[in-house]
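Next come two complexes built around subunit A: one with subunit B, the other with subunit C.
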Partner chain A sequence: MRTDVLDQSRGGMWAWLLQRITAVLLIVGFASHLISTHIMAIGELSYDNIAHRLASGFFVAMDVMLLAAVLYHALNGARMVILDYWLSAKAQRRALSLALWLVGVAAFIYGLWALWPWIKG
Partner chain B sequence: MSAKNRETANVGAGNWKGLGMWAWILFRVAGVVLVFYLFAHIGVISSARLGGHHTMNTIFKTFDKTLFVLLDLLLVWAVLFHGLNGVRIVLMDLGIGITRHKAMFWACMAVAVVCFAFFAYSALNFIADKGGAWL
Partner chain C sequence: MPVATFHIKRFDPDNDDMPRYDEFSVPYEASLTVLDGLFYVQEHFDGSLSFRYCCRAAVCGSCAMYINGRYRLACQTNVRHLDGDVITVEAMPHMPLVKDLVCDMTDFFAKYEYIEPWLMRNSQDPAKEIGQTPEERKKLDMPIDCILCGACYSTCPSVWGEGNYIGPAALLKAYRFEVDSRDEARKQRLAHFDNEHGAYRCHTITNCVEACPKELNPTEGIQWLKRAAVRRRLFGRLK
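Up next, the complex of A and B:
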């Protein structure tokens, strides 16, 4: 079906929906993230400053949520850019999605590993 | 909508000219920049675990130099432009403001500029107070 082909070139319905949901999470999350780092803690950024923030469960939940949401949003966005110019075969598109999922999951685990000493407290 | 209209309806913000085109191009450029920044950011935050507290604090000291504070401000603009243009796109997808594209764009940009002013004030104040070396 022509419509199916067109929808595929747009990345699919679920990816579209998740891109919107993560977008809303990121707007809210970045407002908190940027105000707490760039305005409240400007010039004071250090290991201890981060430790102080991550002593609160609110910021731990916020940072882990942001890490997951931003990785999905960024890698799906990169996928949409790539699909606009390259990879027309279905198998290639699948391979790209799989590769990006692997990168995303690996980056999420790496990010959690990096945050762990602060989360553990 | 006919198949041909469907095909072009959502490409390049509809019109490959004027304001919509620039909104689309800058949205995409900012998006790509932010993808690269994300991975750099994860790398920097992991420096504490890779090299210890001192390694991380040394890197953060560099970020206090004037050049980096200004680059940081550019990054804030990329986030605000991408974010607020994204708000416009989400609203369009919900059917809000679809007959008033330009007004919606400028309204979102007005919010972005007001937010940016706060960050710029904070950053420029910091440079004036504690800034010294460019690098």
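Up next, the complex of A and C:
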């Protein structure tokens, strides 16, 4: 076995740490999302009622944070699964990370666009 | 005298197309171990049966095998302690096979060597021995018992999927030196485990904990290495 391929592998700490941090954000974020949507009565789940809730800066910030956390957690999770079975070489791993970052940033911008009327205030 | 049926998985890559199971009847008394049974088979039935052994006292790690569906050391597994009189003996699964019960451990030891499993020091050694408090020594109690049998490596799904993952045994050994108060490797060994072929490929599946015949906890050691990498890289703490 050639161990020099192992020498080319650097990093991974940030991905590991951010996966844990986003996991905590998701637990807290989803819990408050579900509680505020289904338990704290805002009446019927209609566009008007949700739009009214999103008028609060807190809920907009919460939604943007959840969007970023979900995207990072899901795409990094997918990356870990792919790397578990495939793509061991450095260049391939980099290409995969780049592709997933592009997908993530595009999805984040799309999410911001959907929330834009409330972000703008 | 009771008789045990040894059901042994045989395969010779040079001559066989497919593995097969051979059956041998082995009479046993109270103290017969599976390893003794294999010697009996070799002496009385088939001299070509291949297996590894050395110390016969559960300290060398040579005779790790898959016995009745579990990783065990053949030398410390008493036939009477197994359920029933049919004993299935196989080589450790998910490993390249040399012959019969002998696995190819080349990658395992290359990865083990890669993490530099020895004490590294930069400072001048004291005139006598390097002192250690009982508390400092206590941290070594768990990882120091590893006998490098390879059971954890063979059972780890991350190793099956990613052949370049250095695996639980090598990482447990890295942990053993990282928690050693006498070791001063600092950044040198950190570079070997603080990457995605190292500690971060461990997804805490804990198969290794279940498989270890010495009842060690490689997962705990690997989690410690991840936390140590964060402490060092973000906060600059060296130990």
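By definition in this document, the second predicted complex is superposed on the first by the 100 of 121 C-alpha atoms of A that agree within 3 Å, B and C clash if a C-alpha of one lies under 4 Å from a C-alpha of the other, contacts with A are read in each partner's own complex, and residues count from 1 in each chain.
Criterion: a residue touches a chain if its C-beta (ideal position, glycine included) is under 8 Å from a C-beta of that chain, and two chains touch if they have at least 3 such contacts.
Note that the structure is predicted; figures quoted are calculated from it, not measured.
J.: Touching A:Gly12 in the superposition: subunit B (first), subunit C (second), both, neither?
T.: second
J.: Does the superposition put A:Tyr85 against subunit B (first), subunit C (second), both, or neither?
T.: second
J.: What is the contact status of A:Ala74 with respect to subunit B (first) and subunit C (second): first, second, both, or neither?
T.: In the superposition, A:Ala74 touches subunit B alone.
J.: Of the two partner chains, subunit B (first) and subunit C (second), which one does A:Leu115 touch, if any: first, second, both, or neither?
T.: Touch partner of A:Leu115: subunit B, not subunit C.
J.: After superposing on the shared chain, does subunit C or subunit B touch more subunit A residues?
T.: If we count touched residues of subunit A for both partners, the winner is B.
J.: After lining up the shared chain so the two structures overlap, which partner does A:Arg93 touch, if you call subunit B first and subunit C second: first, second, both or neither?
T.: second
J.: Indicate the residue numbers of subunit A shared between its subunit B interface and its subunit C interface, in ascending order.
T.: The answer is residues 3, 6, 10 of subunit A.
J.: So in the complex, which bits of subunit A are touching subunit B?
T.: 2-3, 6, 10, 20, 23-24, 26-27, 30, 34, 38-39, 42-43, 45-48, 50, 70-71, 74-75, 77-78, 81, 107, 110-111, 113-117
J.: Could you list, by residue number, the parts of subunit B that touch subunit A in their complex?
T.: Per the stated touch rule, the residues are 3, 6-7, 10, 28, 31-32, 34-35, 38-39, 42, 45-46, 48-49, 53, 56-57, 60, 63-64, 72, 76, 79, 83, 86-87, 90, 93, 118-119, 122-123, 126, 130.
J.: Help me check something: in the complex, which residues belonging to subunit C touch subunit A?
T.: 106-107, 110-111, 113-114, 158, 161-164, 166, 191-192, 194-198, 200-201, 203, 226, 229-230, 233
J.: Quick check: in the complex, which residue numbers of subunit A touch subunit C?
T.: Where subunit A meets subunit C, its residues are 1, 3, 5-6, 9-13, 15-17, 80, 83-85, 88, 93.
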